[in-house]
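What follows is a single structure, and I will ask about it in a moment.
Every chain is named by a letter (A, B, C, D and E) in the order it is written, and numbering of its residues begins at 1.
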Amino acid sequence: MQRINRSELIKAAAKLIESGEADRVLGWKKGEFDYDVTPYVFNSIDEIEKDFVWGDFCGANFSKYLIKETAKSDKKVAVFLKPCDTYSFNQLLIEHRFEREKVCVIGVSCSGMADIRKIKDTAGEGIAKIEEQDGYLNVFTLYDGIVKIDSKDALAERCLCCTKRCVVYDELLGDGENKADNDRFAKVEELEELTEEQRYAFWKSELSKCIRCNACRDVCPACTCEKCVFDDPRSVLENKAAANEFEEKLYHIIRAFHVAGRCTDCGECSRVCPQNIPLHLLNRKFIKDINAFYGQYQAGEKAGQRAPLVDYTTEDREP
Amino acid sequence: MKFIYYPGCTLKNKAKNFDIDARNCAKILGFELIEVDDFQCCGGVFTTSADEIATKLSAVRALKAAKKAGLPLVTVCSACHNVIKQTDHAMKNDPVFADRVNGYINDGDDYHGETKVYHYLEVLRDITGFDKVKEKVKYPLDMNVGAYYGCLMLRPGAVMETDDPENPQIMEQLIKTLGGRPVDYGMKNECCGGYVTVTDPGFAQKRSKAVYESAKKAGAEIIVTACPLCRYNLTKNGADIPVLYFTQLMAKALIGEKNER
Amino acid sequence: MQIEEKKPLIAAFCCNWCSYAGADLAGNNRLNYPDNVKIIRVPCSCRVDPTFILRAFQRGADGVLICGCHPGDCHYTTGNYYTRRRMTLLFSMLEYLGIEKERTRVEWVSAAEGAKFAQTVNEFTAAVSALGENRRLEDLRCKE
Amino acid sequence: MQRIGVFICHCGSNIAATVDTSAVVNALSAEPGVVCAVDYPYMCSASGQDMIKEAIKEKELTGIVICSCSPRMHEATFRKAAAAAGLNPYMVEIANIREQCSWVHKDKQTATEKAIVLGRAAIAKVSLNTPLQPGEIPVTKRALVIGGGIAGIQTALDIADAGFEVDIVEKKPTIGGKMAQLDKTFPTLDCAACILTPKMVEASQNEKIRIYSYSKVEEVSGFVGNFTVKIRKKARFVDENKCTGCGLCTEKCPVKNVPNEFNLGMDSRHAVYIPFAQAVPKVAVIDADYCRMLKDGKCGLCSKICGAGAIKYDQEDEIIENKYGAIVAATGCEPIDLDKFDEFAYSKSKDVITSLQFERLMNAAGPTGGVLLRPSDNKHPKTIVFVQCVGSRCEAHAKKGKEYCSKICCMYTAKHAMLTREKYPDTDVYVFYIDVRTPGKNFDEFYRRVAEEYGVHYIKGMVGKICAENGTLKVQASDLLADKQLHIDADLVVLAAAIEPDRSTRPLATMLTASMDTNDFFTEAHPKLRPVESPTAGIFLSGCCQGPKDIPETVAQAGAAASKVIGLLCKDRLTANPCVAHCDEMSCNGCSTCENVCPYHAVTYIEKEFRMPDRTTKIRRVAQVNPAVCQGCGACTVACPSKAMDLYGFSGKQIYAEVDAICR
Amino acid sequence: MKDKNELIKEQILYQSGVNVRKCMRCGKCSGTCPGYDEMEYHPHQFVYLVETGDIEPLLKSESLYKCLSCFACVDRCPRGVEPAKIIEAVRLTVIRQQGKNKLTPDDIPAVIDDDIPQQALVSAYRKFTR
């Protein structure tokens, strides 16, 4: 159950449109299913009132869309950003990917998003409808009737350890802060404890599921390259589908390395992976190492900060 | 403006004037001193040893009392100030020490240096402002005053941050504010002999003599200090000019001789 | 024909200004080291892209060595500082994926350290040989 | 398809004894693209080179591989040979089969196998080489020297002597710098003015040298050979061309109580003044902070009495823009502030002075006319204590002082002690030292003479506390060798204050994009091999702005910086290394990552309009590499997430090809 | 096995938190020390002898009780060595041994007078007894 309700979001968006401050709003729109919410650019208040949704399935991070969206017109675009989204937004500003002046940011407090996989694990397949009520999700299934799930039990992993706050906004709905106290590096540490063989086996089984659909890359707010190296014939790394094990590894290592120090740990990669590969564990390994080796660093936290891989001290540890 | 006030034991006993005048002047200057409930002795000196916990607990308790009240802590006695300020610094900057102390006290409210610690003089300078003090002066002093800092109020400079430890000016500013003429002399930030007076009175006498002779040579008619031990050492070891607490000097200018108790 | 056991293959990236010259000095002083190591010259260790290392492993290298000027002595003043961070993170990641950490190494070798270069190659070759062939990060298609 | 020729050198027996060169020839001739492969005893010999040249012409080779000694030996030789035969010199690759093969392996079979692999890698690389044209950059034949002390003057004189024009920018009204304030110079005891002022005059009279005094650098743009610099010439309210330097105004000016900075505040000057008798340019300047006419519009006396009509109260700052090929930083140093050292009573007693003040007190043109009188009461001091290392060699966390040794203090203190004892034998002189450091020609001999023949008390130990008491300075110090605490009643105390870079250095370094160390000294391009160059091309370093130095070292470095400048200005055009980074604008994200890692600031960003496939246009921020500034390290290529950055000569594709060849 | 001296040295370094190797032997601590003439071993010697491990003579010396803890040496040391903390740590090594208190309750009546502030007694106790 979200702390801020839909009407407040609509009010904030409508105000911007009415005043002429912005002429369109990037928000969540109902998809085919209740849990299948899609990003959409709303061009009128009517449209917003009709189709805009806000709830436990609005996980999508819009920061990346702003690169293309801001280029479309000279008018400002309004966007809803949850606390975790604001870090991606800032990171893109640091990288000059769009102009801050062309965006009105409505920061939205978030109580955590639901993970449809967790719901399916409990309720099974054939979900027709999901309703939120008093901290519970009523899942209407085709086979098992209504299954009631505590919203907390459906929370996505990334939300269980979210300590982010809205770091950039023009208007803030709610306090914009989250203070979960789970250790986000617990799983990484668990893997580190394993033997080399066990780690290898773990990643082999996970990464071999990869079908190279590129969803992780396409959703990643740090992967905004004009031309991705994996699509660029000049790069020698180009390939459309993973032919074998090596290429799966290569792809994921390189992708994690390219976003190292820029990844805000928004968790979108794991959310969209159709194969359920815990890709965030690669990014978190880099984040954990960066914090341990070069001091605490949160990508996107401050405008103008220098990413750890384009920085150094003369006293850095040796590889 | 309200402060939690830590007078310390000596001010309850041998240095009552120091305390009474501090309170009276505070009233006139419009700030309120709320005495810490049941304070314990600060211990007089800060032990620098890393494994000394017990001797610093009373200071932590005073700091926690202020934290709980949400007010800054103020002291007048240099020794108390030194112990409390150094303890506060260690709680803020030495996590091992802080963990051990917090673990020992273990009352569910860990302390990590949240309380702002002032010396009374710092309150006058940084919060009240000497110009405000000046407005309240009824009986301007007309005398040469040697400010005697000793060591505890100034050092270690990096922790105390009261003033430049080699050329402090805060008492001189007060003296000027009160209409007096501050006298600068070389020994104003050197030690009076301190606690060694207990075990080696002869040594303490040498140090004290060096201090008041230096002040006298520079033309001081009176010495002011913020430390009962400094005052004791100087007086006992033959200072033939009066040695007063700075609060007494303030009271003279703000309240007048007659009202002096 | 006798089937020979495959000798471990090691690719070494050496910066032009210090380490490549250090390797030359090892030659000038006739210091022997195993022939498993093949050197690729780069202007600075900071030219070494992580993909070069992965590519080498893909193609069957059993170990990859990166040599650069000592930190603080970089010909380009700061290049090896970036190398140091990049490789620290990359190697940590490879270890996390279960790739033996003995297969990767960064060593700072100055132009005067011919002996250090030879010693590094000796040690590294021995360490890699002890692990045997690289099977965890190779591309089977490259084996024909 | 490339047509590649492979040339295998025997190097006498150096290679051939361990590598079977004919086997190499056989193996490599089978490589794709190879049209000829030959071996020869000495490829680098004239006949070997001729063989290469002929093959290039005959076989119409598009690339060549030489299997020989290290490219560090003969790459240049073979590139020249290729160019002579009409092949682009960057179509040459070397396989190092001597230093990295035949000399380090003993077994002929394995060495031969390795030589073949190295040859293959070179062939794979050269197949992907592209002809490169070294860019050419025109050079503006004029140099700028920032700072007019001895370092700047010497650099300018040397550059001018080689026939190039050079400008000096000096922030003070006169050139001369710190040396002009010195009395005598160690270890020869020449009078500083006697050796400096002729150089100042020479600089002012040299027609190649232009001096902008009372000026500062406001803005720097451009790169090596092509700098554009804006200089702010501050209003001195005196027409430089009309003023004859007669000094009449400076005598009649009614404002007389201005602290005289030249004598470090130990006497005063007028509001209109000439800093010192031998000032260059010898032109008066009006101090706007004190002049009554400029402040209140009341006075005008100087204007009335100036026969030349040089006084101009309405003069304004002037901005001058010039182009330069090279810039020399010679901004010098100054003693640190001693505010934090009041244990020595520096701010309490006038008789505790710095060594530079002592220089003025000993100087015939100083405030006391060269008679040593102490500032408080103008009495002759009978006991003088010198304290060394005040603010030098301090630990960083101590938060006062500097970590480094200021280098010059031991020697000037010895000089001061000697001069004092020589002029005033009735004076007791104590020098407190931690170590006496005297490396330098005739330095230790000088110090020993001071200690042995002049009766100076050198005491190993440090002064702990000084109390000023009724005109006496009570010095309390330790004598470590005697294991005693000393109490000395001194009349004068001289503190050897640490020196630090002039405060203008940091903003200047930012303008020059030249790097600095944590102490704000300029960093040199290489601490041993390029000590007078900044890592930024075209910026050179002279004197104490690079680190503490004495006069002989400063002059030597000034000459070295000048010769580097001359070497640059001699060229009409600079040949740029063509192996530089370049950006594929279509892939560039404009993210500034490359800009952040570039040590040379070679990357800039522009907003560029792109025509998109759908016929629309789009404006994007893209990186541009200045090939004149880029040094080709490649840091940007790895940092770039989209690999839009690549490096000529070491492209990603080339290195992949080498990796593939080696791992085949 | 570490010998007793090394253990004492380690203990002193840990308690004081001082890095004695930072000392550059300038002697400023001893130059500034107000208790110098009362001492057999002087601040710089405390630092040096702890560094060399020759601690035994220090443990026996009366100098331990002459330090006023005025911290002048700490503030003025150009290398941030903090000699007073070393002296305190050496003193603690001694007085923490059984029966080695410098001050006992029996000593008090002799020194006490009407004016002596509590502060003096408390401080001396804290410095000189376990």
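One rule holds in what follows: a contact is a pair of C-beta atoms (placed from the backbone, for glycine too) under 8 Å apart; a residue touches a chain by one contact, two chains touch by 3 or more.
Just so we're clear, the structure is a prediction, and the values are computed from it rather than from any experiment.
Asker: In contact with chain B and with chain C at once: which chains are those? Just list them.
Answerer: Common contact partners of chain B and chain C, which must touch each of the two, are D.
Asker: Give the fewest steps needed to get from chain C to chain E, where each step moves from one chain to a chain it touches.
Answerer: So the least number of steps between the two chains is 2.
Asker: Going by the stated contact rule, which chains contact chain A and chain E alike?
Answerer: Joint contacts, listed by label: D.
Asker: Taking each chain's centre as the mean of its Cα atoms, which chain lies farthest from chain A?
Answerer: Farthest chain from chain A, going by C-alpha centroids: E.
Asker: Between C-D and B-D, flag the pair that has more C-beta pairs in contact.
Answerer: Pair with more contacting C-beta pairs, C-D versus B-D: C-D.
Asker: Using CA atom means as chain centres, which chain is nearest the centre of all the protein shown?
Answerer: Per-chain C-alpha centroids compared to the overall one single out D.
Asker: With chain centres defined as C-alpha means, what is the inter-centre distance between chain B and chain E in Å?
Answerer: Result: the chain centres lie 24 Å from each other.
Asker: Could you put a whole-Å number on the gap between the CA centroids of chain D and chain E?
Answerer: 48
Asker: Using mean CA coordinates as chain centres, what's the gap between chain A and chain B in Å?
Answerer: 56
Asker: Measuring centre to centre with CA averages, how many angstrom lie between chain A and chain C?
Answerer: Inter-chain centre distance comes to 37 Å.
Asker: Would you please write down the residue numbers of chain D that are in contact with two or more other chains?
Answerer: In chain D, the residues touching two or more other chains are 343, 465, 597, 639, 652, 656.
Asker: Please list all residues of chain A that touch 2 or more other chains.
Answerer: Correct list: 236, 309-311.
Asker: Which positions in chain C are in touch with at least two other chains?
Answerer: Only 50-51, 55, 78, 82, 86 qualify.
Asker: Going by the touch rule stated at the top, which chains touch which?
Answerer: Pairs of chains that touch one another: A-C, A-D, B-D, B-E, C-D, D-E.
Asker: What residues of chain D sit close enough to touch chain A in their complex?
Answerer: Checking each residue of chain D against chain A gives 584, 586-593, 596-597, 605, 618, 620-621, 639, 641-644, 652-653, 656.
Asker: Contact residues on chain A for chain D in the complex?
Answerer: 71, 94-97, 224-229, 232, 234-236, 258-259, 306-307, 309-311
Asker: Within the complex, which stretch of chain D touches chain E?
Answerer: These residues of chain D touch chain E: 343, 389, 393-395, 397-398, 401, 434, 460-465, 476-478, 480, 483, 485.
Asker: Considering the complex alone, what residue numbers of chain D touch chain C?
Answerer: 70-72, 96, 98-101, 103-107, 110-111, 113-114, 117-118, 121, 515, 523, 525-526, 535, 579, 597, 599, 631-635, 637-639, 647, 649-650, 652, 655-656, 658-660, 662-664
Asker: Given the complex with chain B, which residues does chain D contribute to the contact?
Answerer: Those in contact with chain B are residues 339-343, 345, 347-348, 399, 465-470, 474.
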